[in-house]
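After this come two complexes, each holding subunit A, first together with subunit B and then together with subunit C.
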Partner chain A sequence: MASDTSRLGFYLLLAPILLWLVILIILPHIGLFIVSISEKIGPREYETGFDNYAAFFGEPLYWRTFARTAIMSILATVLTLILGFPIAYYIAKLTRGRTKTTLFLMCMIPFWVSELVRTFGWMILLRETGVISNALQYLGLVDGPVEMLYNDAAIMMGLVYTSILFMVVPLVTTLDSLDDSLIEAGYDLGGTSTSIMREIVIPHAMPGIVSGCIVVFMLSLGNYLTPILLGGKDSLWFTGMIYTQFITRFNWELGSAFGFLLLALSSLVVFAGLKLSRQSLIETMGRT
Partner chain B sequence: MSVPHPDLVCSDLTKDFDAFRAVDHVSFEVPQGSFFSILGPSGCGKTTLLRMIAGFQSPTSGDLRIKGKSMIGVPPNKRPVSMVFQHLALFPTMNIGDNVGFGLRQRGVAKSEIKTRVAEVLERVGLPGVSARRIDQISGGQKQRVAIARCMVLEPDVLLLDEPLGALDLKLREHMKVELKSLQAAFNTTFVYITHDQSEALMMSDNIAVMNNGQFEQIGTPHDVYHAPSSAFVAGFVGDANKINAKVSAVNGAVLTLISDRGSEMKIDAPANGLSVGQSAQVFLRPEAIELGGADDGVNVSRGEVDSVLFNGANSSVTVKDQTGDFLKVALPQTGRFANLRKGDSVFTRWDPKQARCYPAPGA
Partner chain C sequence: MIPTVPQPSFAKWCYRAYVTAFFVYLALPLTVVCVFAFNNSVFPSLPWEGFTLAWFFGTEAPFIGVFHERAIIRSIGTSAFVATWVSGLAVAVGTCNAFLFVRHEFRGKGLLYMLMLLPLIIPGVILGISILVFSSSVANTLEDATGLWFDGLRPGLILVILGQFSFITTFATLVISARLQKFDPSLEEAALNLGASKWGAIRQITLPFLTPAIVASAVVSVLMSFENFNTTLMLVGSDSPLTITMFDKLKQGSTPVLNAVSLLLIMVSAVLGMMSLLFQGRKR
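What follows is the complex of A and B.
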């Protein structure tokens, strides 16, 4: 009897997550997949086939945008790691008590504002008539207004800015758990700052690095707002292309195929990243 | 090189943290190949002293020489000392071989040589063939030995040990004491060991420094520190002792007559104690220096009543309350004679006037 009630309790507790997974994730994906393999041959006439996927590989604009999105996302992830690691190391290892909390909070504060507002903030700074352009003109460093928006560098900066918190948080957590005496032992045994970083700190922080990278990569790959606002009409970001298929061209079939390709891509890159860093997904996600 | 330098010389070493003086004008020498312990209660400054020797903290003033070379301003990774940390600080991301080889890799030793030297040193600490194992696959005592091997493979002039036995259970700790001493003898390296555990210090050391409030109270052999403590602190901290507050009532050469605060009289043979009539003093008397007997003759004999029997195997003791109400802790000889001693029994206590130590009371 008792085991029956406890089993019922277990299923009741499990129900919300199961419902969430099935209704919001699995069912839509099945639907999306079915749509992606239907070919429109006439008004309200469909046939099953992989024509939509063929269209993707047949049109250079599509797969080039796809590749460009992947490469720029990887680059954004690497840049975020390079920028985020020293910040996290400083917060976790070189500060104590109140300073630590304050710094951590300062990293967090910009994220209390919506991403849209933050991105518009960058536009105010970077546009032709914006703050930086005006400042440069006032100082006499440039002759005319400078347009700093609508290029790849602006997109990259925006991506790094929006996702750096998701790198810093797991890194601070893992670096915090690194015992200071290990670093001291490294110095005591004759290690230099570089070798201690390479042999002790980074191997210890690896789960944090990998989980931060996975999150940042997925956020960048799936980002829509930042590339469109900072990169302009020609930003050529794959999520923009999916949007165009669904909304502008009303071609749900091709849009669904694109969506699936993006899912495959992110899974593939994350898998490759885990293999390269010799980490397992469970260990990485379980640690943070 | 006519006169070999001692391995480690500290002269007037002082360390201030803001207004707090953690280490106060400490001077000592450790000769080559000896086992030197710094014994003191927590917060006495012994860890700060050790960290200054290792180079993690720089002294406010004073000099620190290793093999005759001053170490002031030399960073920890350039000093010929290695340290075994309190929690060992083995690198969990590396296997045992990589842990032990870490220091050699930093020196740019060839890979094949690292391998042979690591195997060699692991064999010397009694752990052959464990190179490929992970840190969490070996026991506490083995980790201890790996931590020592990791330092010894670098052949340091001085090995510093920061209470490395603290985390072990009692049986293993007893075992490691013997083992550490024999490892030290085998490597013939100078060990500087800090601990708050007097039995570790007494058992392993050639010399002990007893530290309190940032200063060395006494430096001496374990025997000296135990039997001839130079201050009231040392007498109270090292070993067990009955502490009796008393006043000097008569001085006759080296023999003092004292009256305890409760009124019992005692005689102490303590040459050069600097005490005069009427001065307050503290008397320290070891529980094992007191004899239990049946007759009322001689000096320092008093009749008392057993207040409690504290059974602790070979270290059993009784508390005896004398007629004035003073309590004395007496070690119970395990010869069977006193096996039937019970609370309330009447006994005589007796001790030799030469066995007690007497110091002026602090603030007197």
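What follows is the complex of A and C.
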């Protein structure tokens, strides 16, 4: 009897998660794939085939945008790591107690705020009539107004800004767990700052580096607001193309194929990152 | 480079300068957004025309403040409605998941746990379009079969709620599971020995223990729902939540009324964020 009620309890607990995962995650993605391999041959008439994928590879604009998005996301990830690592190291190793908590909080506050607000802030700063342009004119460094918005550098800066927290937090967590005495021992044994960084700190921080890089890459790849608002007319981003196919062109078949390609790329990178660092998704993502 | 090992002071100062520059970089965009909310000009840019509160309380065009701009007020209401539902659902399912993963051993547990983490690595736009495609095809099939209309499955608030719920639940599950793992099961056994029923013990002992994590995840869910853009963009119908309304206004060319909304959002997010940390901090 007791085991019957606990069985019932088990199934009652299993029901919500299965409903959630099957109806909202698994079936929609299968559906997305099915739509992506159907070709429209007439009103409400479809047949199966890979025409949408062929269209993607046949049209340079499509695959070039895809490659551009991927390359810029990788670049943004590398930049975020390079810029974020010293900050994480500073917070984890060179501050104590209240200063540490305060700095950590100051890192987090911007990320509680909507991405839209942050991007809006960058638009006010960078536009031709914006704060930085005026400041430069005031200082006499430039003669006329400078337009710093609507180019790839602005996108890159926005991407780094948007995702740096997701690099800093896992790095601080892993660096925190590195015992200072190991670094001291490194110095005692005659190591230089560079060799200690390379031999002790970075290997120890590897799990944090990997999870940070994965999250930042995914966020950049799937970003929509930053490239659309900060980028210019030629700065296409793949998510923008998906949006155009779905909402503007109403070509859901091609849009689904695009979506599936983006999903494949992001999964591939996550998978490769985990394999290279010999970690599992559960260890990397399950850390809270 | 640790405090106990001396470093040349020049290197130390360079490092400090970099850290300072970094925090300036973090604070700069938010600061200008807030400052320009008080600029007495119709554009959120320089020159500075003087201090005004018109972008909050103004009633005369073109200075219509946030509190009198009907589109914005309505979209705040829509966002609050969506956030309430998403947060309630996510916390309920998240709590069930926590009990399932912490208390039960079953075949396929590892696989299910991995599936549960998947929404974290699916880009928001893809999550949005997959739910859009799936619900539309379900709606088409149902409409063909029954001849009735299924508006709930077309882009609109129900889909927005489901779309946000689909990934926010993962966060709720992780936060609540982490707390449940620290629970000492002997407390519950003691309650059972003292004559409590299984459900009574959970309600009287375990759930109060979980409360900080439940409140924290509810607050985080509200915050994430309010701010979500990518998934919402694909699923939105005629009632748009705040981020979508702001995005549309931003594309048309903005007035400082957007700065005023942003300032309010920044304040609310900071308060909610602090609250979630406070509640999570209690578990230590």
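The rule is simple: the second predicted complex is superposed on the first by the 255 of 288 C-alpha atoms of A that agree within 3 Å, B and C clash if a C-alpha of one lies under 4 Å from a C-alpha of the other, contacts with A are read in each partner's own complex, and residues count from 1 in each chain.
FYI, contacts are C-beta pairs under 8 Å (C-beta built on N, C-alpha and C of every residue); 3 or more make two chains touch, one makes a residue touch a chain.
None of the values given here were measured: they were computed from a predicted structure.
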Should the pairing of subunit B and subunit C on subunit A count as a clash or a fit in the superposition?
fit
With the two structures laid over each other on chain A, which partner does A:187 touch: subunit B (first), subunit C (second), both, or neither?
both
After lining up the shared chain so the two structures overlap, which partner does A:266 touch, if you call subunit B first and subunit C second: first, second, both or neither?
second
Go through the superposed model and pick first if A:67 touches only subunit B, second if only subunit C, both, or neither.
neither
In the superposed arrangement the C-alpha centres of subunit B and subunit C open, at the centre of subunit A, an angle in degrees to the nearest 10 of 90
Looking at the overlay, does A:179 come into contact with subunit B only (first), subunit C only (second), both, or neither?
first
For A:204, is the partner it touches subunit B (first), subunit C (second), both, or none of the two (neither)?
first
Between subunit B and subunit C, more extensive residue contact with subunit A
C
Contacts of A:122 with subunit B and subunit C, given as first, second, both or neither:
second
Once chain A of both complexes is superposed, is A:195 in touch with subunit B (first), subunit C (second), both, or neither?
first
Min C-alpha distance subunit B to subunit C after superposition on A, in Å, is 6
Go through subunit A and flag every residue that touches subunit B in one model and subunit C in the other.
184, 187
Can you check the complex and tell me which residues of subunit C touch subunit A?
1-5, 15, 18-19, 22-23, 25-33, 36, 43-47, 92-93, 96-97, 99-100, 104, 106, 110, 112-127, 129-135, 137, 162-163, 165-166, 169, 174-175, 178, 198, 223, 226-227, 229-230, 233-234, 243, 246-247, 250, 254, 258-259, 262, 265-266, 269-270, 272-273, 277
Subunit C contact footprint on subunit A (complex, rising order)
5, 9-10, 12-14, 16-17, 20-21, 24-29, 31-32, 35, 83, 86-87, 89-90, 93-94, 103, 105-110, 112-118, 120-125, 127, 129-131, 134, 161, 180, 183-184, 187, 193, 214, 218, 221-225, 229, 239, 242-243, 246-247, 252, 255-256, 259, 262-263, 266-267, 270, 281-282, 285-286, 288
Subunit A partner, complex, touching residues on subunit B are 54-56, 75-78, 81-83, 85-87, 89, 91-94, 102-103, 105-107, 150-151, 154
Would you pull the subunit A residues touching subunit B in the complex into a rising list?
179, 181-182, 184-192, 195, 199-200, 203-204, 206
